[in-house]
Amino acid sequence: MISETQKWKVGQRASPQKLSSSKGLFRVGKGFALGSILPIILLIAWEIAARVGLLAPHLLPAPSIILEKIISMYRDGSLFGHVSITLTRVLLGFAIGTAAAVVIGAIVGYAKTAEQVLDPLFQAFRSIPSLAWVPLFILWMGIGEPSKISLIAVGVFFPVYLNIVAGIQGVDRKLIEVGRIYQLTPFQLTKRIILPAALPSFITGMRSGLGLGWMFVVAAELMGASEGLGYLLVVGQNTYSPDTVIASILLFAILGKGTDALLKWIEYRSLKWQDSINNQA
Amino acid sequence: SSSAKEGEKPEKIRLDYAFYSPTSLALKKFGWAEETFKKEGIEVEWIQSQGSNKALEFLNSDSVDFGSTAGAAALIAKDKGAPIESVYIYSQPEWTALVAKDGSPIKDVKDLKGKKVAATFGTDPHIFLLRALADAGLSAKDVQIVNLQHADGANALLKGQVDAWAGLDPHMARTEVESGAQYIYRNPDFNTYGTLNVRSEFAKNHPEQVEQVIELYEKARKWTLENPEEAAKLLSEEAGIKEDVAKKQLERNNFSEPVPGSQHEKAISAAGEVLQTEEIVKKDTDIKKLVSELINPKYAEKVIKK
Amino acid sequence: MLNVKRLKRMFNNNQAGFHNINFSVDKGEIIGILGTSGCGKSTLLRVLSGLDPYYEGNISSSDEANNGVGMMFQEPRLLPWLSVRKNISFGLKKEERTSTKYQTYLDLVGLTGFENHYPKDLSGGMAQRTAIARALITEPEVLLLDEPFSALDAFTKMQLQDLLLSIWQKKKTTMLLVTHDIDEALYLCDRILILKGQPGEVFAEVQVERSKPRTRGDAYLSQQKAHILNLLNVEQKAAGELK
Amino acid sequence: MISETQKWKVGQRASPQKLSSSKGLFRVGKGFALGSILPIILLIAWEIAARVGLLAPHLLPAPSIILEKIISMYRDGSLFGHVSITLTRVLLGFAIGTAAAVVIGAIVGYAKTAEQVLDPLFQAFRSIPSLAWVPLFILWMGIGEPSKISLIAVGVFFPVYLNIVAGIQGVDRKLIEVGRIYQLTPFQLTKRIILPAALPSFITGMRSGLGLGWMFVVAAELMGASEGLGYLLVVGQNTYSPDTVIASILLFAILGKGTDALLKWIEYRSLKWQDSINNQA
Amino acid sequence: MLNVKRLKRMFNNNQAGFHNINFSVDKGEIIGILGTSGCGKSTLLRVLSGLDPYYEGNISSSDEANNGVGMMFQEPRLLPWLSVRKNISFGLKKEERTSTKYQTYLDLVGLTGFENHYPKDLSGGMAQRTAIARALITEPEVLLLDEPFSALDAFTKMQLQDLLLSIWQKKKTTMLLVTHDIDEALYLCDRILILKGQPGEVFAEVQVERSKPRTRGDAYLSQQKAHILNLLNVEQKAAGELK
């Protein structure tokens, strides 16, 4: 198939496209609408399947029942408690994990020796499952908030670290040389050239890390929590209430998507300079 | 708190509560512990245990002073060196049994030969299954034990993924109530009791407080016995389960023998032997000795005689 | 062959780009485009090649270019993960890509021996020559060239200008050549469009009435050069000196 | 601090560096040695702490005891079974997850509408913890191998997907235009320009995904496994055997590091063209 | 000020790079470097600037360059995440970076009004001019310039050549200027090194004995140009024509 616009023949050239002036809100709205199609279809199909009896209610209750559950949690005030405590834990853990990953990742990405000494250990730790960390963290830090937040930070750390190291090691030598010409110290070089150049990769890492933060929260809340979405999930499983389990999964999905949308927006804002397909005039 | 020296009062007592220990829920709900210890200037902290394994983890890592577990779980941990002792029996629960789906051809333990049975390794249902099999003249090798978490086991049973399930409450009560699952085999004596454990170090340093806690548990036990309706309601509210399920669960709890005694030792020893053949408890362990090290009736005897 | 009417493409609030461009190109013609930096020459080529659809005005072409349009960008734009050989062969059909067809063009642009280098190990001029080879190897009927020889020394530049001419003699390729080198434009082109302003407009059109190949530094060409320098606003003095 | 080589003064310029000719094996050996320092120090410190009695053996047994445990598992042949089944599951799940991520990621990265429709759903799913998937997978696919491998594939999918989409959306427009000039079809464009250009990001995603694959194996092996490292970990936790738990963690770390090293080697091999600090002549 | 002896930097088995380079530079001199594409000019600048430490031979310098060495690379190498303004100010001290110092140089290179553009929205010549401004703004005592005006039209190029000269007159900046434009070298340089071969060697050195500022197209310069074209191996014919 030959692209139409490539031929020099009357009538085959695509007629000129006008730059749509109705950008902004309208486009955001359209994106949102498109993004909602699939989830809504899935929910409807699920509801119908449940009503018709394809899904046994004690295994997979209908969305309407889940919604009722969530509303009842909202009414008795426990919803806010679960959500806010989990959100706080994830955000704190995310902040700490990201900060650690930036510092260590910058050192490892920049200094060959640091990489050789530190990287193998981190790569080995990276594949240790969250559940395996739980007893170790209880041992080291007890069952208070610090150990919960640290565990989440560990989960966040690895993808951010990995992406930042890869990002730094992929920075164009040509740009680094510009910094060297201006006699930047390694710290300045990192701050003024390497990190901005590695930013796209860094943000991807943050998004990946945030996802892991949400996952690690369950393990974290196995450490003596009495509130939170992860707690809710485990209690739901332990008390055999699929509506609680699925309500908590749904809340995980919604909060995860929400926090990710925030990062995506930051990505969009801070990568406007990229000469990529997305940033066409 | 825990580092306080012998004879001195602790600054803080850390108690656990769990949905599988209804008395602990009552105790927490009414704030009796806070009341008692406030007078002495001791703080009380409540920590929730999601299961015996978590309670033991907390005990081991000095995160709680008292933890509620199944007797067998405490035994396995003790065998691995956990510095704990069981000082009180909060109930004799019949929380596990063998379950098959409604209409299943399996009616008897003998029918399980060659079938798939779901159980969570190392937990009371697993021990129960092994003992039931041994009782019926079968061994673990005659069936296919599928290691699934309790909730997943229930689901797998209902979806027909396994033929039978060594169930645990409240999952079991719920499958019974909601989908008419059948019992293949029940035997309250094969359940290993719910034991309240204390860290040995705490018991050694603060024997008085151990007695006080037992006293409080006694108070809660009596309340539960006297108010079964309200206890069921409390359980259903706290754990977020339906009231009829909670009632069923409570009915299966026998709160009559709080002082650790010979019948408890016997039941736990029997579990220990099965565990030893499965190599979950070390082969060279002297079960009798281990059980007597674990079970310490001294405090309860003193309190309850009084 | 190609007819452009009232073509317009503007950026940020009509402060940059070009507008009001009208011209036509016959088959086999070589058109030069001269103009101050930033007046819209590269943008014009992008619009003509079809890469930029956000234009206004009319582009009509009567003949179909079967081999498509060949384009050489202002930067080499080599694919960094391909060796020189594979970069040169990039536009070929699948079968030809593994053949040794690249060898001819590799030799013509003077890169013999460098076929296995990655772009990062090339000098500026070598990268540009690789890009030239890539644009020529598909033998397109229309060639859009954006300052193709800007990074080359005088000697190599003349060689490649002659290479371009010999290709034109063989295939009668239609070419649009953006350049800053007036001598080059006069040596190669039949007609030269001079753009000026920001946004750019066609300011003048210079006909070069000498058949190709021409002699470099011919008196007529020198005269035209002075004329063009004049048009480009280079002060009389400098223009005079350069002649 | 002004970099020495930047000054034009006698004696201050760094003397010329010779390209070391003893590359290859020697350098690999050196890297390996450097990378082993930290783990060895940690192991020794741990052993000493255990011997001296700082660590209670029922909580954190000495490395020598863990080693004994692993050797005894090796002797009775169970080690090979656990490792090989888990490795197989992870690799299969990894292959499936990566393949799915490449196809979907390429479509989403390239087509704006596909992104708007599909991406929000994926982003929402991304933060659902592995444990939460377990009951759903049992429901859908039972407790056999397919459901275990699918669960691992889900874990692998998300980071690969995220990185590939980000990689594609960050591809330099200039290079894409080269493909457009040669009238490549969208499929050719993706294959010949976009994917190679997004390769660095893609490989980072694969490495991140592999790590998640190792993590998800625990959840996967909660679904009725009778062998495997995740099974070993969970059974160890249920039977309060810290030596089993820590042996399995150690095996996770070693296998995770091993498989990652493979990917890192592929990364090194396939990114030789990158003009980055690592690829200096 | 700078003394270079038996300098050598070779790539892949001594097939590319340069070797056996000897020359010295006095303070305030402008040295031109001419040579065929790929003969090692850019590599030479990289070695002299200290970016490439893998050389052999001897570089000694007697004077310290306080403001360091300014370098303009063959490509613009703008930082894509910085606007034109911030790119120009990149080399300044922290305090000055937020000042309006950039404005002077922005105007001098003719980019007034484009200070907030990102590099992706610049034309080739505009990017090059931004790079020139970035190199000049720090007022270094030594300037290494790698084909600084290659993407500019004749008019803009002359303006910027004069800008360079005026800076030299004020500060007596020492400059090494790689260029392909012989006129440019003759207009600006005191001495011209001609490199040739692959790997490159200094093939000839041409002294330009005219004080600056010079008149473009001066007879002496034309004569020198013919001489250089000759040295560069451009055939007699072409050389004659170009004169």
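Here the chain labels run A, B, C, D and E in written order, and each chain numbers its own residues starting at 1.
Quick note on the criterion: contacts are C-beta pairs under 8 Å (C-beta built on N, C-alpha and C of every residue); 3 or more make two chains touch, one makes a residue touch a chain.
All values reported here derive from a predicted model rather than from experimental measurement.
Engineer: Can you tell me the least number of steps between chain B and chain D, where a step is a move to a chain it touches?
Structural biologist: Shortest path length, in steps: 1.
Engineer: Using only Cα atoms to place each chain's centre, name the chain farthest from chain E.
Structural biologist: Chain B.
Engineer: My parser should flag the chain pair with the most contacts; which pair should that be?
Structural biologist: Top-ranked chain pair by contacting C-beta pairs: A-D.
Engineer: Taking each chain's centre as the mean of its CA atoms, how far is chain B from chain C in angstrom?
Structural biologist: Here chain B and chain C have centroids separated by 84 Å.
Engineer: What whole-number Å value describes the gap between the mean CA coordinates of chain A and chain B?
Structural biologist: Centre separation, chain A to chain B: 39 Å.
Engineer: CA centre of chain D versus CA centre of chain E: separation in Å?
Structural biologist: Using C-alpha averages as centres, the distance is 47 Å.
Engineer: Two-or-more-chain contact residues of chain E, please, as numbers and ranges.
Structural biologist: 11, 49-50, 68-69, 75, 120-121 - these are the residues of chain E that touch more than one other chain.
Engineer: Going through chain B residue by residue, note those that touch at least 2 other chains and give them in order.
Structural biologist: Counting only residues that touch two or more other chains, chain B contributes 61, 149, 151, 155, 159.
Engineer: Can you pull out the residues of chain A that are in contact with at least two other chains?
Structural biologist: 2-3, 6, 59, 135, 139, 173-174, 180-181, 183, 234, 237, 274-275, 279, 281
Engineer: Where on chain D does chain B make contact in their complex?
Structural biologist: Residues in contact with chain B: 56-59, 134-135, 138-139, 142-143, 222-226, 231, 234-235, 237-242.
Engineer: In their complex, what parts of chain B are in touch with chain A?
Structural biologist: 19, 46-51, 54, 57-58, 61-63, 149-151, 154-155, 158-159, 170-171, 174-175, 178-179, 239-241
Engineer: Would you mind writing out the residues of chain D in touch with chain A in their complex?
Structural biologist: For this pair, the touching residues of chain D are 1-3, 6, 30-31, 34-39, 42, 59-60, 113, 116-121, 123-132, 135-136, 139, 158-159, 162-163, 166, 169-174, 176, 180-181, 183, 185, 200-201, 203-204, 207-208, 210-212, 214-218, 230, 233-234, 237, 242, 245, 248-249, 252-257, 259-261, 264, 271, 274-280.
Engineer: Sort out for me which residues of chain D touch chain C in the complex.
Structural biologist: Its residues touching chain C are 174-175, 177-178, 180-183, 192-193, 196-197, 199, 272-275, 279, 281.
Engineer: Along chain C, where are the residues that touch chain D in the complex?
Structural biologist: 49-51, 68-71, 73, 75, 77, 79-82, 90-91, 118-121, 138
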